[in-house]
């Protein structure tokens, strides 16, 4: 099925880039992981003024090297995939694009500050390389417990928000602008800071009544933290119990091979055709 | 049962306002929900001085529009209900009244600051529209678990309060007024701030003995947070277990229809008479 | 068994003071409860300077009234009990004495500041009146769960303390005195503040390395809070499960009657003799 | 097997130092425990400037006494053990060495500040004396629950870290250097401080958008604390349940005797040979 040499070369590159089973694929993933972490550290160091002043050239050159590496990788991904449009418009495709272009834009318009944020998106690429699904597989039970308790947690957070708006308005009226409660939104912000037991202290009540209500909010926050914990914990315990008699024949080993046509991953071992698009898989 | 045309018109309006099953009822609820959220945002924006200075007229006119809308709704609710006194003196009747009048009062006496608080009460009206009972239905188990552990949580909070008063008095004696522990109530307030792990830092111990006792309070607070969490979590787990073999025939579907006489909600589907006052329901 | 009139009078007073079953006993308890709460509020108000300046005479007279009331009660308790020495040396006997004398001492030596602390001990008397055992009865399961997990929680807290000493020493070396880490004990205090997620902010790391280690401590504290919660929650869940098939005939109703000789409480209903000293109980 | 008198003397000393079963062994452990705690208190007091100024000579002499005591103990441990190299290179061997030499080094190079840290390592020696394994035995279930949930907690902490880096970068862009968010690493540090609900308040957002995102981070942190708690709690509950029908004949009593050759501990009672190296144990 790979009679043309050009095709064969493409397929080989595809296997290196998209799969982690072969030695070359593993090597590629490790190099990419190092490049991503290095680029994140570069973004961080660049933001430290004293460091940037001293090593500006080093940072600039390093950033160019990483940008070029990422550009090559991005183009290689487009070339080797059968449906490039699907890759470009996919979640990781967009992340790859956005984390590559900032340096090129800075060439045109000068170093725009806000572009650093885009570069921080590179961090999300780590998830792809680690193919975290495999790691998370161990905690599948946890995610399903979280999903099961999603509705309850939403109601809980909604109630917390309403509590914060009402208490925030009250504190605004009681404390007033002298104590830092300059507006209702700021008061609501303070109320969230207090209820979640963060307590920055940049704004703090000074009147007796304000401190009394603040104490109420704190005890409330201290008490209701039990609610999400109780929900997750109970759901998790129950899931654990019901899932016990797992038949070993029902558990299926998934590999990290990805379809060269639709990029779907987690195929069953020994699968010959993609479960998502029917394309023949390269074994 | 609706022979007079005037009666029929009233019944129609009643259905629109009080029920969410019909398309008109749903539309009314959505409009009201938007109006409430808009009014809350208005209250918030008005409290931001710089914003109020710029857009005072816009805020004033918007507030009048919402006040008039709410007034019409309030009057419509009184007219269409069979027992208006019961509605007016009900919880939501009072909320509706209090969240409508502030603007009228400000016309008479000028913009009194504290009236903003009343307007924030509009937030409580959200619960009626969302007919949150339905949403909370999903977490009925949670509320019943909370109810079951209410007595234990009360004893727990009572013990926490006594701890805070005793430690607060102690800290007042040790730290004294120089460190900000100006009186016993303030010390108790500080103790609550510390025990609940909020920790504003506006008041903090400076003497060695004070810091030692503060450390004790913190570790205590860090440890006893386990108690409410453990209670809720365990109650919830048990409830889950016992409630499992629910007979599907025992579960009853409740609708959001409300009795035109006594406003009771959550009637059983196909119920013909109100379970609370015996009034015939409009189907 | 109460042939002498003087004896009978004493027995009657004993029943009023020590028991809560009779109407007179209940009335006595309610009055005492109000007196205790009033006295605590007095102690608090006295500590507020501006309030004390204005209402000094009122506070002084109120304090004398309460002191005299408590003195009469203390003497009555000694007279009516069969073994006064046992009462005087008991936990509540000492509390009663310490919470009564401060005002008398202030008569001799002037208002000594530290005596206010003794008066705050009155709060502990609330426990006796409420005969909290009855309330706690509902959460007996909780206390037994706490007892069962005591050993584990002790090991946990010991490990937390050692962590704090080691990290505290480290932070003292890294941050030094300029950042407020003036000595190792202060650093350890800061470490406890951070690990328990209180975070006052009066002392905060400023160096990069210090902030990095601080972040580590925080994540550690955020993570290990799961440990005590998990212990209590699990112990509680298990207790719940095992205690379910409680035979109703095994549950015994205890009353709040107390033995006139040894003050032991929680006798079984219809008990004729004290379970602790064998003295005949007055029914 | 101890025919030579010199051997017998060594064996006796070995039993005193390494074992806690005999009266002499217990006495040795108690003395060592006191010495360690005293030395830790010394290190702490020395760091308090005002205290060091007053009692410098006392602190110096005390430190020398403890250092000499520890030196003798260290040499005794080397002599009495059959394989000294194994002891010296073991975890506790290195701790013993590092916690003894600082005073000798200060003799050569003067009081180097950073050496205090090494002395704080003495704290780790407490674990050996307490032979904490015995105490922890009670909470073996807890540690095994922690081990079982290690993978899930790692994934959780990894996700938290990535969240902090992304939110930290965002806050750096929004707040900028005026609010204290001077660089991305500092922003990430602030984000960890906020997410873990510590909230120092040395850095706090001042812009409306910054406060809004900060509120999101707090609610996130308040919500996701449920995750590790739920994991540990559920694992612990399940472990409890499965471990219930423990056959008493399966439980084995371990003693604190340690092999004179390889230092392995926790031998079974009545064991005659070391389970680790096969050396005959002294009974």
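For clarity, chains are labelled A, B, C and D in written order, and residue numbers in each chain start from 1.
What we mean here is this: contacts are C-beta pairs under 8 Å (C-beta built on N, C-alpha and C of every residue); 3 or more make two chains touch, one makes a residue touch a chain.
Going by UniProt, the chains are A, B, C, D = Ion transporter.
Not measured: the values here are computed from a predicted model.
Count of steps on the shortest touching-chain route from chain B (Ion transporter) to chain D (Ion transporter)?
1
Using C-alpha centres only, name the chain that sits farthest from chain A (Ion transporter).
Following the centroid criterion, the farthest chain would be C.
Can you give the rotation angle that fits chain A (Ion transporter) onto its twin chain B (Ion transporter) by Cα atoms, in degrees and rounded to the nearest 5?
Rotating chain A (Ion transporter) by 90 degrees superposes it on chain B (Ion transporter).
Decide which interface, A-D or A-C, involves more C-beta pairs in contact, and give its chain pair.
Between A-D and A-C, contacts are more numerous in A-D.
For chain A (Ion transporter) versus chain D (Ion transporter), what separation do you get between their C-alpha means, in angstrom?
Centre separation, chain A (Ion transporter) to chain D (Ion transporter): 34 Å.
Compute the distance, rounded to whole Å, between the mean C-alpha positions of chain A (Ion transporter) and chain C (Ion transporter).
48
Scan chain A (Ion transporter) for residues touching two or more other chains and write them down.
Those would be 185, 188, 197-201, 221, 225, 229, 231, 233, 237.
Within the complex, which stretch of chain D (Ion transporter) touches chain A (Ion transporter)?
That would be residues 151-152, 155-156, 162, 165-166, 169-170, 172-173, 177, 182-185, 188, 194, 197-201, 204, 208, 211-212, 214-215, 218-219, 221-223, 225-227, 229-231, 233-234, 237-238 of chain D (Ion transporter).
Going by the contact rule set out above, which residues of chain C (Ion transporter) touch chain B (Ion transporter) in the complex?
Interface residues on the chain C (Ion transporter) side: 40, 43-44, 47-49, 113-114, 116-117, 120-121, 123-124, 126, 132, 135-136, 138-139, 142, 145-146, 153, 157, 160, 185-186, 188-189, 192-193, 195-202, 221, 225, 228-229, 231-233, 235-237, 240-241.
Any idea which chain B (Ion transporter) residues touch chain D (Ion transporter) in the complex?
197-201, 229, 233, 237
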